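Structure below; questions to follow.
Naming follows writing order (A, B and C), and every chain is counted from residue 1.
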Amino acid sequence: MNALAPLLFAGLVLGCWQLACVGFGVPAVLLPPPSGIAAAFAAHLPMLWADFVQTVVRSVVPGYLIGCGAGFLVALGLDRSRFLMRGVMPVAGVFGALPIVGIAPIAVMWFGFDWPSKAAVAAAMTFFPMLVGTAAGLAGSGAMERDLMRSYAANYPQTLRHLRLPAALPLIFNALKLNSTLALIGAIVAEFFGTPIVGMGFRISTEAARLDLDVVWAEIALAAFAGSSIFALLTALERAVLFWEGSRR
Amino acid sequence: MTVVEAAGLSIVFGSGTQQTTALDGIDLTIARGEFVSLIGPSGCGKTTLLRAIADLERPTGGTLVVNGTTPEAARLARSYGYVFQAPALYPWRNVERNVMLPLEIMGVAAAERRERARDRLAQVGLSGFEGRFPWQLSGGMQQRVSIARALSFEPALLLMDEPFGALDEITRDGLNVHLLDLWRRTGMTVVFVTHSIPEAVYLSTRIVVMSPRPGRIVDVVESGLSAERPLEIRETPAFLEVAHRVRTALLAGHSYD
Amino acid sequence: MTDRARTAAPVLTVLAALAALWYLAAFLTGGGPRAIVPAPHEVAFAVAQGVFGAPVTSPHSLIYHAAVTAATALAGFALACVVGILLAVAIVHQRVLDQSLMPWIVASQTVPVLAIAPMVVVVLGNAGITGLLPKALIAAWLSFFPIATGMVAGLRAPDSLQLDVMRTYSASGWDVFAKLRWPASMSYLFVSLKIAATLAVVGAIVAELPTGAQAGLGARLLAGSYYGQTLQIWAALCMAALLSLAAIGATDLAQRALIRSRGGRA
């Protein structure tokens, strides 16, 4: 019944919002009531769908998969060389803290206005957390468990497959969940730097400039929905794969 | 037939001014089928000696022969099973798959793996628990799974590092009886590290008393107790006499300072 | 060899390799200041020009833009600290809030802040609030989450034995908070502050994009992109990186002070 409390809370907030807007006669230009947003959402469904496809399906998903995949593979590749690990980890940590989102204009120059540049930004933003998370996870298996593998004369691939990768999964999933938000932000930011006339970032900036606020709110609702759904999906996947993890606490 | 032969074995950790002599000139021979306990206070080198036999530590001096070859060759030939102080089970595998882990690594076929795992679990009295996960078992049961895992590939040599140290005394007694039974049935050689005098005397054919700073052997006590050892034997005069000899050796090695 | 010395050689090797790759990319894209990837020394020169070559108050000065972004980041960071810490204290002490609020705090991060940004600007603009505050709010949105979750974890860190000690003294709720939970949470807080600082910088830059700002590193990126001034983009990007590093450095100093005051271990 843990799901009930946050839903009740949200219901309470939405209820108050609706009452306040209607009751105090708040101008829709300032803050539309939830009913207004729902109406706008329904009214612009085809356009919202096109924006969703452009931003999430075409830009975020490929960028996320490429960035996370590359981060994972590079971490695996570096794993064999302690020298390289010691060199790359601090550099990757610092790079990951920088505003990578700033490469968006450069990406647009390289890949053009359409979705590849947005995917590139999403990939760049998700690469470092995945690299750092995977490397930290691989380093995390206990000394006793590694000695056990040694006593079986297990070779490197066997140790990786049976011990180090499963033990690394919690940190890898942490990175995957964090990356889902980063990829979405990256794609939307990239749209500010040039985009064909479709996409969530594009729609928000143009409609906000035209003061067409209920469309903006509808897009925000869409973005919130997209972001939370992806996160919830990953959390469900994590719970299924990491069924054993709670026991470690 | 000797399984382990150490001559002048030394292991020194660190270098320069930060050196610790974990083992200093150890001479020890262990024959097939013996149950040898290594007992002593913390820092006496008993775990280091066990790890050296397992090729988890490298000697810095002297010689060490395991199963007629170097410890490394013995490890690569998977000649021994190792049981740690903690169960070290993988929480993402159920009990059966934990026991099958070494067999998977050694490339044993699936059907045979399962059969052997079930046999071992029966041997340690855990039939019916194959589908459970480690966190669903008590500490004593987890440690039994760990022993079953060490035995799954039928090594001739079993190395155990204070395996029952984290358990309560009653569980411990039960496991001691189990272990002794297992040893008698399989005829394995067991090297067992402990800091409990009653446990060492109860289980062993020979007790090696060690002392620290630097780690060395103070005395080797032949048990001489009968092969049939119910738990009650621990209150007999013969038992207490052996325990007394062990304690005297520990005192001589300044273990209580 | 100390830990520092051991990491120095590998890090330098990696950095050298990256510099070599950069030069290679510059070479492959034709080189020169108008190329997509200008050579590192050209970027360095542009940065130096932006820093030293223009008076600090002129819109040609990178220091000016960095200062604008830094001001936003700082305001957002401060706001995030206050809100994050207060929320954490409330959540830890009121179970109702924990169950109802925490999931929404997590969900708030899955909403891409940039979707909210123009809205925040427009709504506040209509209410007569412009300038620093809307941007600071966006920066705060990004950076409050690690602070809130870190503080919650930290305030909950004391174990049952430590709490029992307080109970044997019949300590008041305030005492338990001030003398146990708050000190226990400090190490968690400082780790989160480092992450939050970098997020505040990112938030400040991102906040300048939809708000049509004329000043700030984000605005500079946007302008460079509109006019095809590649070197301007790269220079602004480097400046942003330096700003982030400064933010990390500042929180690191604070963290070291904390560790020193606790005898070498946080």
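As a convention for this text, a contact is a pair of C-beta atoms (placed from the backbone, for glycine too) under 8 Å apart; a residue touches a chain by one contact, two chains touch by 3 or more.
These numbers come from a predicted model, not from an experiment.
Considering the contact criterion stated above, no chain is in touch with chain A and with chain B alike.
Remark: the per-chain Cα centre closest to the mean position of all protein Cα atoms belongs to A. Among all pairs of chains, A-C has the largest number of C-beta pairs in contact. Averaging C-alpha coordinates per chain places the centre of chain A 49 Å away from that of chain B.
Chain geometry summary: the mean Cα position of chain B and that of chain C are 53 Å apart.
For the pair chain A and chain C, the distance between mean C-alpha positions equals 18 Å. Shared interface positions of chain B, defined as residues touching 2 or more other chains, are absent. Taken together, the chain A residues at the contact with chain B in this complex read 142, 144-145, 147-154, 158, 162-163, 166, 243-245, 247-248.
Residues 6-7, 9-15, 18, 36, 96, 99-104, 106-107, 109-116, 118-119, 121-123, 126-127, 195, 198, 201-202, 205-206, 209-210, 217-218, 221-222, 224-225, 228, 230, 233-234, 236-237, 240-241, 244-245, 248 of chain C are the ones touching chain A in the complex.
Across the interface of their complex, chain A is touched by residues 54-56, 75-78, 80-82, 84-86, 88, 90-92, 101-102, 104-106, 133-135 of chain B. Residue ranges of chain A in contact with chain C, taken from their complex: 2, 5-6, 8-10, 29-31, 83-88, 90-91, 94, 97-99, 101-106, 108-110, 180-181, 184-185, 188-189, 192-194, 200-201, 204-205, 208-209, 211, 213, 216-217, 219-220, 223-224, 227-228, 230-231.
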